[in-house]
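Pasting in a structure now, in structure tokens, and then I'll have a few things to ask.
Think of it as A, B and C in the order they're written, each chain with its own count starting at 1.
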Amino acid sequence: MSADSSPSKETVNPAVDGSELIRFDKVTKRFGGNTVLDSLDFTVSSGKHVTLIGPSGSGKTTILRLLMTLIKPDEGTIKVGGEYLTHEDRGGSLVPAGEKHVREVRKHIGMVFQQFNLFPNMKVMRNITEAPMHVLGLSRDEAEERARELLDLVDLTEHADKYPTQLSGGQQQRVAIARALAMRPQVLLLDEVTSALDPELVAGVLDVLRDIAHSTDITMLCVTHEMNFARDISDDVLMFDAGRVIESGSPEKIFSEPDHERTRQFLSAVL
Amino acid sequence: MSEISWGLWKLLLNGIWITVQLTVYSAALAAVVAFAIGLARTHRLWIVRFVSGAYFEIFRGTSALILMFWIFFVLPIGFGWQLVPMWAAVLALGLSYGAYGSEIVRGAVKAVAPAQREAGIALSFSPAQQLRKIILPQAWPGMVPPFNNLLIEMLKGSALVSIMGVGDITFGASLVRNATGQSAPVYTIILVMYFVLAFVLTRGMRVVERHAKAGVGQAPQKREGLRARMNGGQVNDFARSGATPGGGAAQ
Amino acid sequence: MKWDWNAVSDFMPMFWHGLLVTLEALALGAVLAFVLGLVWAMMQRSEHAAVRWPVMAVTEFVRNTPLLVQLFFLFYVLPEWGLTLSALTTGVIGLGLHYSTYTAEVYRAGIDGVPVGQWEAATALSLPRARTWFAVILPQAIRRVVPALGNYVVAMLKDTPMIFVIGVLEMLGEARQYSAQTFHTVEPITIVGIAFIVISYPASLLLRVLERRLVR
């Protein structure tokens, strides 16, 4: 389960064996007095594309932020690739993980943000090579070669020497996707990646993601309001409400014949 | 600290009294200068703006200590005006810190919505009435926090008078140091004294701010401690008075 | 008014020397203030309260007490502790330390102005902490605070005459020495006063231009 650090021709290279890659075990998260996630259990198998849907405030984004260690759970544990994410097993008892451990496990996870969060002081190329060079220890040449492959994938080859502010929102988001993939993560977290885009720019970003979903075996965890996209790429759809998974299943099932009344209400409101 | 006898303590306590007097008188003079120059810099006649602008640039451009030397030594020799040291010190502090204050006044007045002035014109108020009844009451709350910073700077600047032989805290400390031959205790003590004075001034200005805000129907922000006045980029007002006051360095 | 042009020309060599010392103290003091201020600002962002609190307390104390007294403290107390430094070095340390508490606030505002998403992206990429600070956060933060830092350099310039009290022969020190030797006071003090205006006025004009350029 170690990150692949030798450059290969493929863009992403996760271990694909259908085994359990992510496990949430009784995870509770509160903000103030507000319980956003309530003793949540769920698992994601390696190589699966999972979409989280549900009304806003239902805790979907919180799951991604927990996985990215941007926030810490109040209760419960999260495992990624069999390793505890925010805890360490010390002599049989679980203790909060040290920075080093978190860093190690986190390397397997990449994230694309709603607001892109590209580094405005770096050109596109350096945005992508920064982490591979300074985290994975790649040489500049290796990192730039990897970046060029990815820029080709997201169709931005000719923009490598521009600053993010010189690009459209859609282009910036595609750079952000390339930047996340450059770390060869096993899991890619997509947090409402098209919500901040002008409508005409959404398609380009979704096409790139579709491409990645269909041509690679990277595990994807996706929060989106683009139901067609969700239907298109997902293996599983999880319906969230009030911090719990109320229903899950294949996109065909969830979108066509959901069991739950709340799911029906939600879908009729957004579709 | 047993070396510091009661007599020496009295020197320091007298010093506090002188420092407080200096700060109060200088603040009064600086306030007059700040409003006079600050309002003049928003005047409609260019010559008024020019003269007041020149005052601002000159007194802000020079060093308070140099100005003090000039008033203490050049005025008596060059012009034959000999001032009591205390008043020479107040003059130097008031004139230079007043220049910084004028920028606070000017900025706050300019920040009042133009529509307010127009409303004053529509009501046939004279320019002086507009200023007194409409502009200043609205500009005042915005001036208080930067004035607080300036007041602290002035308190700190008042230590300069010790160089001129005025018996403030710092002057008292040098006497005590000479008498006891020990530096660390006495300078630590007076640094704490200055810090406490700064704290008291800040508390007082907080009350003024609350009243000012209540006067225009704003709820006072809850802020705590000495540190709070530094928040919101206000710490920059003093040194940044060349630019717009109140505007943080990095929004 | 007795103005003696001979005294002016007589004083000029000492003035130029004093100017050089003033600028030297200013340059070194500014570098110290920039570096120390950055250290304070970063320490105030530490996740350990044991780091944050002492730094906050010390910077708050230093900022709210007079530079003049701090100079006396350094000048008289450091030798008592066995640390003997030249007057100029002591002056530079005093200026740099005092102004570092102001630049710390400037940096802090700049750092707070960097969107939280930048920190999150750095975390998501597992960038090491040092790399996050020096490659991502600070380049964005400092750009916007350059004019504010510059304004503190101008403010520091106007405080440099204070170091004459500990025996540094900068402009004011030279003027005092000249007065003591020749009993001419009007000319040297006036010249030094004008020198400050001549230096600081263009400097602040320049900073206003810079402000318009850099702070969008």
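The working rule: contacts are C-beta pairs under 8 Å (C-beta built on N, C-alpha and C of every residue); 3 or more make two chains touch, one makes a residue touch a chain.
Chain identities (UniProt): A = Ectoine/hydroxyectoine ABC transporter ATP-binding protein EhuA; B = Ectoine/hydroxyectoine ABC transporter permease subunit EhuC; C = Ectoine/hydroxyectoine ABC transporter permease subunit EhuD.
Given the structure is predicted, the values throughout are model-derived calculations rather than measurements.
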From chain A, which chain is the farthest off, judged by mean CA positions? B
Chain closest to the middle [Cα centroid of all protein chains]: C
Quick check: how many Å separate the C-alpha centres of chain B and chain C? 20
Cα centroid separation, chain A vs chain B, in Å, comes to 55
Rounded Å distance between chain A and chain C, as computed from the means of their C-alpha atoms: 47
Residue numbers on chain C that touch chain B, as the complex places them: 1-3, 56, 60-61, 63-70, 72-73, 76-77, 80-81, 102, 105-106, 109-110, 112-113, 141, 144-145, 147-148, 151-152, 154-155, 157-162, 165, 172, 175, 179, 185-186, 189-190, 192-193, 196-197, 200-201, 204, 207-208, 211, 215
Can you tell me which positions in chain B touch chain C when the two form their complex? 57-58, 60-67, 69-70, 73-74, 77-79, 152, 155-160, 162-163, 170, 173-174, 177, 182-184, 187-188, 190-191, 194-195, 198-199, 226-227, 230, 233, 235-236, 238-240, 242-243, 248-251
Footprint of chain A on chain C - complex, ascending: 115, 117-118, 120-121, 123-128, 131, 135-136, 139-140, 143
Mind listing the chain A positions that touch chain C in their complex? 68-70, 103, 106-107, 109-111, 113, 115, 117-122, 130-131, 134-135, 179-180, 183
